[in-house]
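First chain written, first letter: the chains are A, B, C and D, and each begins at residue 1.
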Amino acid sequence: MRFNTLSIKKSNDLIFGYSPKPVTTRRGLIIGGGIVYPELNFTLPTMSINDSTLTNITNQYKEIVNGALERALQLEAPGLIFEFETLLEMTQNPQIAIGLVKVMNDVCEEYYVKHGLKSEIRLTPNDLREFERPPKQRTSELLDLMIEVFEGGLNAGGDLLSIESTGGKEVSDDALMNCNIKQLIFALSVLGVRDMKMLWRKMVDICLKKGKIPAGDTACGFGNTAMVLAEKKYIPKVFAAVVRIVTVVRTLVCIEEGAVGPDKDCGYEGVYLKAITGIPISMEGKTSACAHLSPVGNIAGACADLWSNESVQNIKLLSGMAPTAYYEQLEYDTRLMNEAIKEGSASILNLQRLMVNSDIYHDPQALVLAPDVVIQVAGEIVKGKNYIDASIRGALKGLDIIEEAVNSDKLKLEDREVIWIDSLRSEIETIPTDESKFVEETIAEIGTTKFIPAEYGL
Amino acid sequence: MSDLLEKLMNCVELGKINKVSSFPPSLKGQDGADELCKMALEEGIKPQVILNEALIPGMSKIGEKFSQGRAFVPEMLISAKAMTAAMKHLKPFFTSGEIKRKGTFVIGTVFGDLHDIGKNIVAMTIEGSGWEVIDLGVDVKPEKFVETIEKYPDCVVGLSALLTTTMANMEVIVKEIKNKYPDKLILVGGAPLSQEFCNKIGASFYSPDPQGAVEFLKKVAA
Amino acid sequence: MRFNTLSIKKSNDLIFGYSPKPVTTRRGLIIGGGIVYPELNFTLPTMSINDSTLTNITNQYKEIVNGALERALQLEAPGLIFEFETLLEMTQNPQIAIGLVKVMNDVCEEYYVKHGLKSEIRLTPNDLREFERPPKQRTSELLDLMIEVFEGGLNAGGDLLSIESTGGKEVSDDALMNCNIKQLIFALSVLGVRDMKMLWRKMVDICLKKGKIPAGDTACGFGNTAMVLAEKKYIPKVFAAVVRIVTVVRTLVCIEEGAVGPDKDCGYEGVYLKAITGIPISMEGKTSACAHLSPVGNIAGACADLWSNESVQNIKLLSGMAPTAYYEQLEYDTRLMNEAIKEGSASILNLQRLMVNSDIYHDPQALVLAPDVVIQVAGEIVKGKNYIDASIRGALKGLDIIEEAVNSDKLKLEDREVIWIDSLRSEIETIPTDESKFVEETIAEIGTTKFIPAEYGL
Amino acid sequence: MSDLLEKLMNCVELGKINKVSSFPPSLKGQDGADELCKMALEEGIKPQVILNEALIPGMSKIGEKFSQGRAFVPEMLISAKAMTAAMKHLKPFFTSGEIKRKGTFVIGTVFGDLHDIGKNIVAMTIEGSGWEVIDLGVDVKPEKFVETIEKYPDCVVGLSALLTTTMANMEVIVKEIKNKYPDKLILVGGAPLSQEFCNKIGASFYSPDPQGAVEFLKKVAA
C-alpha cells in the first residue's frame, strides 16, 4: 500500500469544496478549489438502442446537455460536470459512445465560447467484462472495446475518465446475499485490488498520453448494491456499513496507480479517499433519490467537491425534462454550500455539522460517513500492512464505532441488526492477512468455477 | 400435526440444516432438517405429507417474514439450504412419481441485462413454495427460453429486467415465446417495470415482488 | 384591512420552523412549533379520469400515501402532510374526491395507530368557477359542487382545508401577458379581495362547524403564472416580482376571514402573511423543481414551516415511484432545518443566511423574499388605508428596493429589465386608491365582457 | 425595398401603432403602422407586397427576437397591435380576393383544460407569420373542432393541453377529426407533451414552441 498516513489529519479539515490536491479541467473548473459544482447524471428512458433509434438517442443526449446548460446560464452558475456513463450497447459499439461524447462536448464548447460557461464531460464507460461468467478480467476481448471507448471518447472531448470496474464482483454478489464478510473482503481486497491495479495502470497511461484527467473509480456494484439491499431490509444495515468501509481499500488502488480525482459518485468511499490521499471527490445524497433511496441524504454532502444525482431518466416532469429539473436541484444544493464557503471555515463547519447531525444516528451506514469517524477509520486503514490487513482493520474499527454508538444509546438498532456486530467481528477475526493463505482458504470454500484465479494473476 | 413434522418445519424456518451445523445457536447439538426428514420417512409418514405439511410451510413462514421485512436474505438462504438437506431424502419419490411438485417455473434475466439479485430471490421464493425452478441465469436470449419450454412444456415462465433499455428486450422474448406457445403464462418483474408495461408487451402478469408471483402461481396450480 | 401592524417586527424573528401562532392538527403535528415538516404533493400520470379508470386511480393514490409513509417510517421522520389537490373531474364529481380522501386518510390512520407516525391530509379542491367565462363567482352552480367537496372531504378525513381561489383571474391573465400593472392590481386587490371575502367566510364556517382547520389560500394562478412566464423570459422578472408583492394583499383576506394556516404552497406570499399575521406557512423551493423551475430555490425555505414539492406525477423513477423519491428529498431538506432548530436561534439564523444569500441577488423575485425585505415591504403594506392602497404601497416599496439593489450593483439586471422599474412605478402612481373610482376607470378601459361586476358585489 | 416599406416594417417590429401612440418613446410623434400602410397603398404599392415585404417580416423579426429570449410578450403583443392597425387598410383586398393569407389555422385548448397562455402565444405567432387564425378558446369539445373544420375545410388544426389528465382528451379529438377528415393536419403542443405522445395519438406534428409550428406551417404552405 502506497498511502500510510492521512493527507487530511483532522476532521475539521475534511470539508466540502476544498481538497488538498485540487484538479483543474481543460475549461478551467478547479475541483476541490473552493467551489462545489453539480455533477449531472442521466440516462435514456425506456427504449432500445439500435440503428433505428440512434438519431433519437443522439438528439436526447444533445437536449439533455443543452437543457442543463441553458438553465445553468439562467441561474448564473459557475460551472458543472456531465457524467456520461455508457450503456452496454454503447461500449459494445464504441462508435456510438464516441459519437455521443462528441455531440455533447460540442454543446459544452458552444456554451463555453459564447457565454464563458464552463462544463466538462466525465466519460465513464461501463465495464463489459462482467458479461462473461466467469469473467476473463485480463484476457477478454471485451477489454479491447473498453479501451477503444476510453481512447476515442477522450479524443472526442471527454476530459475526465472514470469507470465502475467490477473485478471481484463475481464473488461479491453471492457474498452480499449470504452476508459472508470473509468472501466479501476476498472479493474486494484480493480480486478487486488486483484487477484495479491492472486496469487503472492502463487507464492512467491513456490519460497521460492524451493530457486528460484520470479521475477515479467507485465500488458501486459492491457498496451501493449492499446499501440498496439494506434499504429493502434484505440484508442488515450493519453489514452494509462494513461493506462500505471495505470498498475503500479497493478503490484506493486507482489513486495508487495515478488517478487524481475527482473520484466518482455512485459509491460513498470517496470521503475516505479524500482523507487518505487528498484528491477531490464527487458525492451523491438526497438529490440522487431519483436513482436510489438512501440513509445518507445530507451527510453524504459533508465533504463533497462535486455533488451528483447519480442518474435520472430523460423523461418529462411537470416542469420540463427530468435532467433539467435535477440539475436545478443540484445547483441550489451547491449554492448553499458555496455560500458557506464564501463566509469562511467557521460557516463551512456550521453547515457541515447540520448535514452530519441530520443523518449520523439514523443508520450505521450514515455513521461511517461522518468526518470524524472517517478520520478514525481511515487512520486504521492506512496502518494496514497489506490490502487485506487494511480491510480488516477498517472493518473492525468501524464495528467498534457502531457498537459504541449503540451502547451509548445514540444509534438505535433493532436486535436483529445488533447481533450482526459480534458475528461479523468474529468472522473477520478469522481472516488470514497473508494473501496466499487467504486465497487458498477461499478457493477451498468456493472453488474456482465462479472466478478464474489466473485472470487476477493468481 | 405430528410432533416430528412440526420440528421439521421449524428447522426449515430457522435454517437448521443438520445436527452438526452451528446455526441457529439456539438449536445447537439438536437434530436438523436432514435427520428429522429421514426419521419421518422411517416412521412411515408419506413423502407428500412431509413436503406439504413440513417443508413448504417452513419455507413459506420464512418467506412471509421476509416479505414483511422481518427476516434477511441470508436467513432465507439458510432455510433454503435446510430444505434442500431434507429434500435429498425425498428425491427417490420424485423420480418414482410418488410425489409431485406444483409445477415447473423457468426464470431468467433478459439478454443485455446482468442484474440477478432480484431474480435469484424470486427463484428461491418460488422454489420454496413447492415449484421446481429452472434458473437460466442472466443475459438470456429468446431462443434459450424457447428451447427450455420445449423441454418443460407445462412450465410457467418468469422474466426479470432491471434496465430501462433491457425492458424492451422483454417484449422481444414475449413475442418469440408467444409465437410458438400462444397460451404460455409469462410473469415479468424488476424495478423499472409497471403493470402498464406488462400489458403493453402482452405478458400475463406483473408483480413488484416475489410474494405476488407466489400468489399468482398458487392460483395457476389450483 | 384588519391587520395594521406586523406580527413579526424584526427580520431575525422571521425564521423557519417557528411562527407566533402555531397550528396543531388532529394527530398532533404542531406546525410552526419548532419542527419543519414535509408537505408532499402529487398528481396522476397521463391518463383519463372516468369510471373505467377509477379503481386504478384509487390504487394510485393509496400507493402514493403508502409509499411515502413507509419511507417516512424507515427514515424515522417526525411526521408529514399530504396535500390532495383535486383534479377537475374529482370536484365535478364530489364522490370521487371524497372517496379518495377516505382511502388516503385510512392509510394515514393505519400508520398512526400502528407506528405512531403522524400525518394529515390537506384537502385542496380546485376552483371550478373559472370554467365559465366570464365566471359567475357567486351565482354559479359550480360553487355548490365545491362546497360538497369541502364538506364531504373534511368528513372523510381531511384535516386542513385550502384552495387556490381564482377570483379576478379572468382579468389578470391578460394583464400578465400585457404586463399591465394597473389591471393586475385591479384583478387582485379589487376582484380577488372581494371574492376571497365571500369564499373564505364560507370555508371558515364549514371548518368551524366540523372542528377542522381552515388553512389558507394562495395566488398561484397569479404569482406563479407570472414567475413561470418570467422564467421563460416571456415577461420581465421585475414585473413578476411586483406581482408577487401584490398577491400578498389578496391572500391576506383569507386570514382576515378566519383562516389560521398553515398557508398553502404554490405561491410565495406565505412569508409575507407570516410576518403580518403570525400564522405558519408552507413554502416550496428547489425540491419543487419537479413542478416548475424557479429563481428562489433556497430563499423560499428561509421562513418555511412546511416544505413542499408542489406536485409530481406518479411515475417511475429509477429508485421507485416519483412521489416517494420526492418525499425523501423533502425529508432530508427539512432534517437540515430541524437540526439547526435543535441548536437554537443562532444556528437557525446561520442556515437562513446561507439560504438567503444563495439566491437574493440573482433575481428580483428572490430579493423580495428575503426576510428583511419582507419586513420592510410588509410594513408598508399594513399602512395601507385599504387593499388598493396597500397594494400600491407594497409594490412601490418593492420597486424602490429592487432599484436600490440595481444601483448598488448587487443585483445585475439586463437593461431591458431595468427600464421596467421606472415604467411600472409611473403606472402604479396613476392608480386611484378610491375603489369605486378605480372600478370605474378600469371598466372604461376593459369593459365588462371579461368579468361580471355583480359577481363581485360591484 | 422602398423606404416606406422599411419604415412600416420597423413600426410593426417596434410596436408603433400610429402617430399618437406614445410607444416606443424613440418614435414619439412620428407616423405609425396605421399611417404608413395607408401611404403605401396611396403610393400604389401592391397590397400583397405590403403584406409580404413589410408586415409579415416585421412580425417575424419580433417573433424571432422573442423566440431567442430577447423580447417580452408585451412587446410582441404591441407589435401585433401595430400589424392589426396596418391590416385594417388591407381588409378590402382580402375580401376582394386580391390578396390571400397563407392559410387558415384553427386552434383551441382541449376540453377539460383552461390553460390558454401558451395557446395564445402560439396563435399570435402564427397569425404574425401570415396565417388567418381562428381561436376557439379553452375547454373546446371535439364537435366544435369538427364544426369549424366544416367551415374551413383547408385549415390546419392546432391543439393545446397543459394537464397530464387532459392530454388524453387530445386523443379523443384527434380521433373524431380523423374520422371525418382522415388527412387533416393536426399540430399538438403544451408543456406535458412529447414527440412520443404525438405519435401515439396519431397527430401530425408536435412542437415544444411556437417557432416550430411556424416552421412546419411554412412547409405546408409552400
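Convention: a residue touches a chain if its C-beta (ideal position, glycine included) is under 8 Å from a C-beta of that chain, and two chains touch if they have at least 3 such contacts.
Source: prediction; values computed, not measured.
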**Message:** Keeping to the contact definition above, tell me which chains border both chain B and chain D.
**Reply:** A, C
**Request:** Going chain by chain, each one touching the next, work out the least steps from chain A to chain D.
**Result:** 1
**Request:** Determine, using the mean of C-alpha atoms as each chain's centre, which chain is farthest from chain B.
**Result:** D
**Message:** Using Cα averages as centroids, what's the distance between chain A and chain C in whole Å?
**Reply:** 39
**Message:** Suppose each chain is reduced to the average of its Cα coordinates; what separation in Å results between chain C and chain D?
**Reply:** 34
**Fill in**
Distance in whole angstrom between the CA centres of chain B and chain C is 52
**Prompt:** Using the touch rule from the top of the page, what residues of chain D touch 2 or more other chains?
**Reply:** 164, 192
**Complete:** Flagged in chain A as touching 2+ other chains are 43, 313, 318, 320
**Request:** Classify the chain contact graph as line, ring, star, complete or other.
**Result:** other
**Message:** Please output the residues of chain C touching chain A within their complex, sorted ascending.
**Reply:** 43, 71, 74-76, 231, 285-287, 289-295, 297-298, 311-313, 315, 317-320, 322, 324-326, 328-329, 331-333, 335-336, 338-340, 342-343, 347, 350-351, 353-355, 357-359, 362
**Request:** In the complex, go through chain C and note every residue touching chain D.
**Result:** 43-49, 87-89, 130-131, 133, 173, 176-179, 225, 229, 233-236, 313, 416
**Item:** Footprint of chain D on chain A - complex, ascending
**Value:** 316, 318, 320
**Asked** Contact residues on chain D for chain A in the complex?
**Response** 164, 191-192, 194
**Request:** Spell out the part of chain B that touches chain A in their complex, as residue ranges.
**Result:** 69-70, 72-74, 77, 112, 114, 116-117, 120-121, 137-139, 163-165, 167-169, 192, 197
